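After this come two complexes, each holding chain A, first together with chain B and then together with chain C.
After this line comes the complex of A and B, so read on.
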């Protein structure tokens, strides 16, 4: 894996992306023994509707804690996708909600599409776990942190009464990632 | 006010300092029309027990989002105080919990001591609002963000059922700040 991995989790307020970023950073920095920094920025941009949470993970000390070019971009709204895809590394991957991001950007990167929020609603009766399913997909696809570490971080950060549903959501994300990998391979890295 | 204000909210895990940082940054960046970045870092340091949440607020674009020298340091444990006071600006202020930080550092800065966690427990029957009382004290003392902005940010970030108690905790923090200002003036900026 690269020495320094930069992630951008983007969508709109209320989609739980700050918490997702905190969980990813804790998984890396507390349970996987790496260094991690999690950041959110507010300004004219944040007031425009698209919000993002950034995570930088490194094997060594992190000098500059902001995302320069994303290696992994999660997009849970069209607005966020349009905005942050410009900052995707040429080797970076895009994970997008296929129901919420209908105009998929015309890029040569690996793209993984899945109806994440819709699946959260169908399987768990709430869209609140969209962020945790997304984490499962990202970790399943990229192994940016270990599955064990992300499980521990999820359990330590979500409220006790919501622990079980969030653990299931995470495991579902791992499964989705497996399917997406196969699908992606078959279609020669082009997703329909 | 300075163009760029740097804050370090320090203590131990579970004291709600990440949430406090997010609320401060949202108050500045969403409700006060400034730019704000909120960061937490995980690494060897985080595994040592002292945790911190950093907030940088500026009237202009924020180029470097991490705290270089704190203008405001909140310390809710002795370990955190000992660690992060070294990074306090010479004109910076220290706000510390007087029950949890018993060895007050020998510095020439303005120091404001108050039994924050104990007061949370006594007045609200829970230490969970220690972070929000702390925010009230910081904003009351420094006006780093407007009182209106921090009230809006608290209400938007805490769970609906906990809104009332958190609003009260914030207002209590404002009142404590008023008293601390008077006390600090009387004692010639030296707190007993």
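After this line comes the complex of A and C, so read on.
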């Protein structure tokens, strides 16, 4: 793994991106024993408006706490995708929600598309777990943190009554990642 | 040492949470405030934790009243904290002056957001550096500290309380939205591993106590209200008894003592960190979250063979005049990146006394300055 991994989780307010960032940082920092920093950027609105959560993970001390070039970009809105894809590292990957991001950017990076929010609604009856399924996909694809660490971090950060559904959402994310990986081998860059 | 003590308490903490942790370790037992982004989590944490340990939390009607409540609690003997952001900091200024003139220990956190006015509630800024120094009127001293990591927020909150108790003065802790909201891995120290300073109490009986007569260090011992020492407190310039005075000698002595108890102890109060300054020809001077960018810039510049170093300020006020003056004699160029239109750069220019070039680098769009743009500024300036 690279010395410093930079991740940008982007979308709109209310999609749980800040919590997702906190969970990733906690998985890396506390359960995997690395260094981790999470920062956020959001507007004054309670819901809606652009929102992003940035996570930097490193084996050594972290100086600059924000993303310079992202290695992993999660985009849960078209606006976020258009804005942050410009800042994607040349070998970075893009994970996007295929129903929310319809105009897929024309880049040479690996792109993984999946109807994440729609699947959350279908399987769990709520879009609230979109963020956790996304985490499952990211970790499944990249192993940026260990699966064990992310499981522990999810359980420690979500409300007790929502623990079970979030654990299931995470495991579903791992499974989706497996399928996406297989498809990736068959069809090149753009994975649906 | 038993195993329990050996076990490290490591958590992923938000900057504001670390401030609350530090305050509790320092012995804070009172918080009054009014919620405001990006400082609200400090109040939330204090509201949750203080009642568990017999402390008191009050949400007041506004920041004016919050500052008044903090002053009252401190006079009654409790270490007291309040936290706010720019708009609330404006409201606190009047009572901050009252705390300064009456030498009342307390800590005021300003998690800076973009201003003026309600400005940019959720975006970072370093626009209140001069407000921290001169926000309340009159010739007055102030101590202001500026951490740049979550761990430093914890340790400097403890330091802020120690300085406030030692020198009987309000201390301002200047955060910015980036570090206030940032989460980072922090090892929370055990109580027995940190230094906690408590205010000097009078050693004389109540009838002999002169509440504003200083000891040799310029700091008068402080009796808590309710412990049998009756004395007068006023916002007017006062004599040793705490009564208003119009005696010009007493006035002059009072103002100079107030100022000097901080200025003459500047060496004890001033803290900063140096990165790669030994052989540096170009120095960056930065503080708060921007210092994190500058640290990275130093590494990038060194990879290009540029002799760049960083002076990271932890104490903002009193200003490290001598340190900067010395640095200006060593380097050819000082670059001062700030998330404002150039505030500390003025003090740095003053301290450099023309001995080297001092150049500001400013950003006021609500985004943190990044290391690449500082590097760009270095390249641009060395061509000149």
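The definition used in the following text is that the second predicted complex is superposed on the first by the 183 of 192 C-alpha atoms of A that agree within 3 Å, B and C clash if a C-alpha of one lies under 4 Å from a C-alpha of the other, contacts with A are read in each partner's own complex, and residues count from 1 in each chain.
The working rule: a contact is a pair of C-beta atoms (placed from the backbone, for glycine too) under 8 Å apart; a residue touches a chain by one contact, two chains touch by 3 or more.
As the structure is a computational prediction, the values presented were derived from the model and not from experiment.
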Simultaneous placement of chain C and chain B on chain A, clash or fit: clash
Contacts of A:68 with chain B and chain C, given as first, second, both or neither: second
First (chain B), second (chain C), both or neither touched by A:35: both
First (chain B), second (chain C), both or neither touched by A:2: neither
Partner chain in contact with A:178 - chain B first, chain C second, else both or neither: neither
From 133-141, 151-159, 241-249 or 277-285, the chain C stretch with C-alpha clashes against chain B: 151-159
Contact residues of chain A, present in both the chain B and the chain C interface: 22, 25-26, 29-30, 35-44, 62, 64-66
Chain C-touching residues of chain A, taken from the complex the two chains share: 22, 25-26, 29-30, 35-44, 62-66, 68
Chain A-touching residues of chain C, taken from the complex the two chains share: 10-12, 37, 121-123, 178, 181-185, 289, 292-293, 295-296, 299, 367-368, 370-372
Complex contact set, residues of chain B against chain A: 18, 22, 25-26, 28-30, 34-44, 46-47, 61-62, 64-66
